[in-house]
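Presented below are the structures under discussion, each in the form of structure tokens.
Shared chain: chain A. Partners: chain B in the first complex, chain C in the second.
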Partner chain A sequence: MAITSIKNLKEFSTNNDRFEGAHLLCPGCAHSMIVRELMNCTDDNLVISTNTGCLEVSTAVYPYTSWDTSWIHIGFENAATAISGAEAMYKARKRKGTLKDPNAPVKFVAFGGDGSTYDIGFQWLSGAMERGHDFTYICLDNENYANTGGQRSSSTPVGATTTTAQAGSHSYGKKEKKKDIVSIMAAHGAPYVAQLAPNKWKSMAQGFQKALGTEGPCFINTVSACTTEWRFDPKDTIHITDLATDSLMFPIYEIIEGHELNILYRPKNVIPVEEYLAAQGRYRHLFKPEHKHVIESIQKEIDQKWEMLQRREEARI
Partner chain B sequence: MQDQDLCAAQNRGVRELGAEKLVGWDEVQQGVVINSFEGDATGIVHQKAEERIYSDFNSYTATVASWRVQKPVFNIDACIDCQNCWVWCPDSSIISRDKQMLGIDYDHCKGCGVCVEVCPTNPKSLLMFAEHTELDTALSGWPEKTKKEEK
Partner chain C sequence: MAEKYEIKETEVWDGNYAISQALRQAQVDVVAAYPITPSTPIVENYGNYVANGYIDGEFVMVESEHAAMSGCVGAAAAGGRVATATSSQGFALMVEVLYQASGMRLPIVLTVANRALASPLNVRGDHSDMYLGRDSGWIQLDAFNAEEAYDMTLCAFRIGEHLNVRLPVMVHQDGFLTSHTAQNIHPLSDEEAYGFVGDYKCVDEMLDFTRPVTYGAQTEEDWHFEHKAKQHKALMDSRTIIDEIFAEYGNLTGRTYKRVESYLMEDAEVAIVALGSSVETCRLAAEELRAEGVKAGVVAPRCFRPFPFDAVREALKDVKAIACLDRSSPGGAMGALFNEVSAALYSTQARPMVTNFIYGLGGRDFSVKEAKRIFMEQKAHVDAGHITTPIQQFSGLRGPKLGFFETKRS
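And then the complex of A and B:
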């Protein structure tokens, strides 16, 4: 397997970028950090398909492309379907002996935003997971439809204001809970499912390598801080992601074969979720006295989730 | 049944839409294919940016320099080559060769400032300056090492 070893960051930085600059993502967008890291953690040939979303519309603006690999542009919901087809064709041609270089290692990767993963492409993703194609699906979770102006998606957490779930005198923003996509995908019996964050670059690169090296459908949910819709300064992308992982809003963990849960990062000092919320404009209204109870309920939710993860890790079931 | 045959024979609707060359259900109409490189691109993963032959379609040949209001300036004297800026740069704009940080690619940098935030040295080896600042002016006004506050 031609996967590069990563001992430290200096070693990692000798890889040659296969995701080029001058794409049109916002300054400070975490999408490109995640994509770059995936493409740097392997030497294999990659076949990538991308759902419609920020990543797709801003990396392939005609006449330019930012991808140095085979890349398929497909509809809003079809990345999982397209990569399934590509993988099936690759296997068939390998069997018939019509490939130019049959021994070259090829990995199949699909990227989708949270809108196309949690909502619009959910059925297609579920189907591809069930059929058991050998691919890795990476969800870039920025918790709203950022490409079209920040509408709510089923990934948007409780209390966040979006253009279609606005905070105001009668509302504190979105009232519904965030969908737990990692558990849903683990319930498909996928061999490797994980939730990772770009600020912990090492666990993220290792997670990507594990997923690429595992045969079968793998799913990775990555936290992608959105400077435009979360409303923070572009330079603070990594700082906000730090807050997210340290406040356990986004715990970093993996689930192997649907049952073996490992927590990959335990913060030394767990910070209260207020710090994470206060750093972003989309939660500003929660600090009014009448909405204080929302913060308390968010904190309670997080504590319960963390307790559940720890107990599942111990129980190994 | 007969009516359906008639419709198919006349291609009703197709001609009116001006789409006589519609593909069948078992054919594929190829979309746009854009090649990132000129010629063979098999060993691209082992080539550095300066060794590759980019095609005009690759966004590497484009620039987003006009997006910047502020630009990061690199001071090699303070750098410890930790490569934090390289791993977190969203625009692949940190030029790093053989484990050493060499500078910033100002064609692709959008001036977001993430590299400055993640720089761990004291004083920082990357700082933001206004876009029009000359390199010499920026380097001559570099801040001194700040002492830790006594507790």
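And then the complex of A and C:
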């Protein structure tokens, strides 16, 4: 039985396991926390698709599977379309009366990393959102192509070093801004879009439940701290995520029907982004004197974004 | 419930319309598609049936052909009848997912209005797309005219969904030449057609929640080979099932198909092996030459994959000279049909002379006159006792003759 009313973390974390613990994700990887929480927050049957990426290669290596639910992986880019097809088949068979159990409640969910969501699968995701299938897409955003050894993605933030946007004697790492996927998805007119984080587990579970309970295409971007490529100790995953949300590097908010924005977490004490950056190896080079300006500009961007989110929330439009 | 569609005993349909009707009659659960010339009318017609209540299934118009096949895979894994249509560049964009569909053993039906591949951009018919799919693990059926496009589409569902096959099936027709050419067609009634195709039989469906399934797992050197071997065996073993289903369809319609179609081959001395609408052109040429005393015949693989190695060998074993016609740019090799047919004939006692013609690229016309010329060239080889031309030639090409490789038999 899954838990649908959330009382405490201990109960929540020990409940149900349709996602089996025996998988090959790195120790300390936040992916499994996010996936388990999604699967724990509903009693309904699940049909899940997953793009190629860390989650996929770590959970379905024949003859084993970590998925005690219907699951499909086709390619790098098309989890949103795979789930579109499955959802269309469900509708067709429901209409024709050919489902084995027509009354069994079911939810359709797609997972992708930032590589498949922001980059290679962007078109497939956009198409599925526009078509209005009844599904929830969850991006496990670890800000790089971690499965292939840590290359840049369009989600990689300014200043982070990756194997294809390296810091060096002539470079401070990635120079291009992180793509604002949440706004893009909201601009599709999706009924529910959110950015959530596993350290704020209660708001994440509630966000998942809202998405699953909303008819139509919903999108959730989750920050998934990557111990291997962000370079921190595996025991510190939640600590790093705390720094991400409390520095407002990852603000937690939702957008309903493409316009109604609600901030879901307001840090009591907002910390300077420097603390978040200093805790990770991927930003170490920024603390050289010649790159100080990069940290300043990152902080400036964060402040502007937070200001924008608050004004959008106040405006209620 | 879908509205009743009135169908006459004889209809005047082009290949695309015939296929749309076959999809409607098969009561496909999900069509996920993206339009591309010359297959576009298939999905437009289908969209018309949807808009007017003739379809109970879902019609998902996706944003690309890659997504079309991806949607088909997701839908098929959820347990139901699935079909789509494409051509050319769209086919090329689908290729990644074609391999995934067959690897997952999902019996999707893909109807292909064959068209050239760019560059240069060309919307006309040749077999470049069909050839691009030849290693993808799909069954490939070839229709030579519009009625056959209808017939092959109905047969494709039966073949692919057969529990001992469970493979995706392509139905090929020539772009424009077949897809847009109307002819008299004798369709089955809706009841007969659905009775032949039958209800879809679910296997490992994602919507049976009592038995969760994992689709698209990873296998490395430990298991990948065994999976691919099993898939190949299923393709090879489908040959007898295809024969059975063709025979059953013949009993129902009087139109009996074979994996290799032989025409005037009983005593043939020279033969052309071809695919697509050119088969009918070559048959006319053979008829005319027979009247002139030339023992000409035509062999046409109805089933391009699994390649009918055995049946091709049987059909051609007593022939002296054979021209294999490939309507696809061979890209630095002999044409694919030439290679397949030569390989089949190498294990015969007689080892007849085989030459290769590249023809009709980008929709270049192929005439009865040209087919006759090719037959007569084979006759010249027979009379001389050896191949008198380059082994690979281009037929219908402007400018100086182009040919490659000489025979070495001494």
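Simple rule for what comes next: the second predicted complex is superposed on the first by the 308 of 317 C-alpha atoms of A that agree within 3 Å, B and C clash if a C-alpha of one lies under 4 Å from a C-alpha of the other, contacts with A are read in each partner's own complex, and residues count from 1 in each chain.
Just so we're on the same page, a residue touches a chain if its C-beta (ideal position, glycine included) is under 8 Å from a C-beta of that chain, and two chains touch if they have at least 3 such contacts.
Predicted model, so just to flag it, every value in this text is computed and none were measured.
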Clash-or-fit label for the pair chain B, chain C on chain A: clash
Touched partner set for A:225, first chain B, second chain C, both or neither: neither
Touching partner for A:123 - first (chain B), second (chain C), both, neither: second
Touching partner for A:264 - first (chain B), second (chain C), both, neither: neither
Chain B versus chain C as contact partner of A:81, first or second or both or neither: second
Which superposed partner A:91 touches (first chain B, second chain C, both, neither): second
Touching partner for A:10 - first (chain B), second (chain C), both, neither: first
Which superposed partner A:67 touches (first chain B, second chain C, both, neither): both
Overlapping segment of chain B (options 21-29, 57-65 or 75-83) - the one that collides with chain C in the superposed model: 21-29
Those residues of chain A which chain B touches in one complex and chain C touches in the other: 45, 60, 62-63, 65, 67-68, 73, 101
Partner chain A, residues of chain B touching it in the complex: 31-32, 34, 36-37, 41-42, 44-49, 56-64, 67, 81-84, 86-93, 96, 98-99, 105, 107-114, 116-118
Touch list for chain A against partner chain C, complex: 45, 47, 49, 56-57, 60-63, 65, 67-75, 77-78, 81-86, 88-93, 95-96, 98-101, 104, 106, 123-124, 126-127, 130-131
Residues on chain C engaged by chain A in the complex (per definition of touch): 29-30, 32, 56-58, 60-64, 66-67, 70-80, 82, 96-97, 100, 200, 205-210, 212-220, 223
Chain B contact footprint on chain A (complex, rising order): 9-14, 16-25, 27-33, 36-37, 43, 45, 59-60, 62-68, 73, 101, 198, 201, 233-239
